[in-house]
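See the structures that follow.
Two complexes, one shared chain (chain A), two partners (chain B, chain C).
Then we have the complex of A and B:
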């Protein structure tokens, strides 16, 4: 038997209280782990943005189109490696609820600018060679059970074909993966030519351009050159680094970070009160036992450490289980195939952050009972008994 | 030649209660020799428990000297006193004060956690102590599974397991029936007689006090009489 054994026995002496306190901590850390993974996935769009990639949009706002002619003009700007253009298609599969992040792109340059999408050379060649070819991210493919070679109809909730229908036929030429775990693989990409030639209105316009520069250090120079080129034209442009564009896009949804942090803070505050109260009660009940330990010869510092470690163990146990549950939830979520949502990952920094919060929770809830136990006067404690 | 274990010289102990200063002891002198078995009797408020607390180093005098085996303990720090208690004193309380979540053996082992003994040695010492109090067959029982007398015997085993020189007993039979009380007192007598433990016992019970070699009557902070067996 050692001090740890005593801590364990004290911790487990009231099973129901232990279970309830553990459950509260468990819930808090399950929420924390899951929400943090969600937040990290949203942030990954910004984090994974390439430093040497720029986005050129209509200066009015990014939903306004640009003439296709801009594409070739931008290609002439010095300091650019490649340019591609994209159009938002507003696609859905079978039911408008099955929304798809689908774009019509320049098939010759798209994968040079967005090289984090991984497919084989043969697949790339097959896609480029088929006007109705489609490349599908593995996340979307998993959700709808698609595979290479499938012929699928996709509808648009924005565009219609010249014959009045809103359905386009495609052949899946590749299911691409991401260069990194959190690379978004929910997108679908098809030929701009197919889109442009079949749509009933708005031809020869593009949504925006993706520009890869030779060196991130030259971004400023390239941005100025592109935007100056179209100044005072009916379609003025605004070119921004992709990171800034993604940040601005996320900001339009609202301050997600603040919302998520508020949820986490509220959960932790409640747990702090519950666990803290539970620890104070537990120590108050044990006043005479602590006095006896001191009488026998246990020093105050040792008693302090035992009480504090009890609350830290409690937080680590509940928090650890909660984090494990959040891992399970994340796996379930990722496996559910909701293609519009990003891949969630319980990254090492979230685990480290959780551990830190567990220690903090244990420390804060244990420090006052520990000080009380440390300062406990033997005589008054025993006479109370 | 007998050896003085405790030597109290001109001990004063004052408490303040609000604006009032209460003088519990105002120049108390006492010598306790090694191997003695002293019973301290007296009415409530006479200072019995305060004296026991000072002897056990859980309370300190306002003034005066308390020496143990020739060394002053009244001026020791809290930490040093804790070490001193762990080495020299075994405590036996009226309400046993066992840890409810620990078995008898684990309760007895507690003082040994303050020593450098190995787990094996601790286990052996615990077994010996429990055998001595005739509870070798109750090692795994929790306090709630034992009678009051058995619990007090576990408390005695806990008090003697680290082989202290001195046992301080605060009303050790105050919560027991006569028959069980006699068993416990006989056990204390045995520890004093056969194992040389010096014992100071505070009691209200004259029958219990008769087991001691010396009975001191305390009243208003002064020893008013002494009976020697």
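Then we have the complex of A and C:
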């Protein structure tokens, strides 16, 4: 225990330097925790995508339509549990800035394919029974203050009704939650029939299909069966696993992963330089003291361990505080409802990673001063004074 | 005058003694350099994107879309709508007295992003020769213009650089139809360079659009004056359209990356606080290393102002070096870097990172701020140091 006391005394002897070094470490781990949580929220769309779900889109591009007749043809394919179809509605609430991820779907099959959306049987029945029924995710409901039973008008920036207006009336039959904490609950879903019969364009087209297979192992076979069915038609299809589809879509925005990792890397680099330097300095200032310790019988190994534990202590303290602060920031962000992102969570793997980085930081910044202290020659060190 | 001479002497002494504190000083410089680099990376990205979009629109061109559609992709204009709008006053006329306008289509097709190998949304614009003439600086770099009535495409040079699938001479399949890439065009770095162009009527047929179009562009008789068009649209209840100048239309989309700017600033300021801790550390150490020196100077009659200014100056110089290193590195590594992102039109826009002189100044200013704050408190300590204690 005596050694620990010495380590503690050494750490706290220059209060200003300790505070500054702790602060720098604090900043780095606050950035790490917060940005990692953002990154994991961005990735959650990919991570949480179901392995047994496929997306069938028009081969030209997923914004091109498919004929509604394809839906019944795909349902006959072997190895499929259920199929549903979706149309992007381009919805917005009151102001075009309040855009909504809103889809017209087949109400009978939608919840069988997208079973991570949680609502009661009564709510499901009420939604299916009401042509103007709408189900809203809790994230969207929170953002606009909607609750079950509300009647709301929603506009489309793509479609118009036969009378020329762009506004549709809906009744919210359920506010659904997600099966998991990070399940996306910003989407709104309503009946395709309501959409198809009231909108003024061609009609009888769908945007894409969601396909649930009996077993992820059969995905390859199902993909081939679907796409072969429509080859050489004016509407060729491209079927891909949902995970691949979501990944490709994220990649369209840009290499967000690279941007975020670079920021984390830069933050750690700065802290490594600052903390490392301050450790080297601290040990250099103590040269004669260490020589005295050695003279009175401290073994080199013991000195080495003391210096190293000092730097690791420092990293753990600053890093721990930083992680705590990032936890607070994340809660603040989750409560604010600014961005349409899944819930930010400091996942266990992020906490494990930061602990590892703290040990690494402490190790790297302490190792060289520790070696210097270990190798210190008593006579030359004392004769310097 | 004496005080200025004193300050000058101390400044020079501090700078000359920097090599004695080489590693400590280098750490402070490096930390500042990294912060400035990160800030400029974000700002250069947003600036490049903004420049590309705001450089696209012209004040001489008006663009008509369906009201509330927000992007060309979502807009629809019927043949009748086009005909009525083309009669509006305020549209420039050619030498035969016909209005100069272009009715266009905008559909999305797949391309492959070269850096990731993933499918991305490429805009295929159905356009006519009058539409081409409504864009400034269109030049055919390779091959030739598409011919009307044929399944021929030409691709913008930015799109060709970032995406594969549309190389010159290549045959492209959309559904059952085959198209041939016959030309590569440039528009001087504007958004149009991220597009693929084909004959409007052919696109109508092959994408089953009947006789409808999506947007309409017209040359204005008077620069920026769209009042006549607005009046026409307002007066006719059949015309559910929105008209604005092309310059305004693209300028609005240019702010799409403003979130990135906020994020970049937030991250840089937090990191800057970390770098500030490094600067303070360096300068406090510098002051304590020079304790005897400062006390000596005070004892022989130097004022405490000179001790203050000397330390502050040292800190500002270190940060300035860091700032210059950071901006230089950012310029060397990032300026002109080509990137693309999904724009408001739901298609890829290719742009390049651009470090403007303004951004340089911003970077240097942040570095100076870190240096000033990082030097102020240690300088205060240096100035207040009791002479007797220092010798003790």
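Here is the rule we use: the second predicted complex is superposed on the first by the 381 of 385 C-alpha atoms of A that agree within 3 Å, B and C clash if a C-alpha of one lies under 4 Å from a C-alpha of the other, contacts with A are read in each partner's own complex, and residues count from 1 in each chain.
Just so it is clear, a contact is a pair of C-beta atoms (placed from the backbone, for glycine too) under 8 Å apart; a residue touches a chain by one contact, two chains touch by 3 or more.
All figures in this text were calculated on a predicted structure; none of them were measured in a lab.
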Superposition on chain A - do chain B and chain C clash or fit: fit
Touched partner set for A:277, first chain B, second chain C, both or neither: second
Touching partner for A:379 - first (chain B), second (chain C), both, neither: first
Which superposed partner A:31 touches (first chain B, second chain C, both, neither): second
Contacts of A:61 with chain B and chain C, given as first, second, both or neither: second
First (chain B), second (chain C), both or neither touched by A:9: first
Which of chain B and chain C A:300 touches, first, second, both or neither: first
Which of chain B and chain C A:169 touches, first, second, both or neither: neither
Per-residue touch tally on chain A - higher for chain B or for chain C: C
First, second, both or neither for A:248, with chain B first and chain C second: second
Least C-alpha distance (whole Å) that remains between chain C and chain B when both complexes are overlaid: 11
Overlap of chain C and chain B interfaces on chain A (superposed complexes): none
Contact set on chain A toward chain B in their complex: 1-3, 5-6, 9-10, 12-13, 288-289, 292-300, 378-379, 382-383, 385
Partner chain C, residues of chain A touching it in the complex: 16-17, 20-21, 23-24, 27-28, 30-31, 58-61, 63-64, 90, 96, 155, 157-158, 160, 164, 166, 201, 232-236, 247-248, 251-255, 262-263, 266-267, 269-271, 273-274, 276-278, 280-281
Of all residues in chain C, those that touch chain A in their complex: 23-24, 27, 30-31, 34-35, 37-38, 41, 68-71, 73-74, 76, 107-110, 113, 115-116, 118-121, 174-176, 207-208, 240, 267, 270-271, 273-275, 277-278, 280-281, 284-285, 339-342, 346, 348
Chain A partner contacts - residues on chain B that touch it in the complex: 49, 53, 56, 58-59, 78-79, 82-83, 85-87, 91, 93, 95, 97, 99-102, 106, 109-111, 113-114, 119, 122, 158
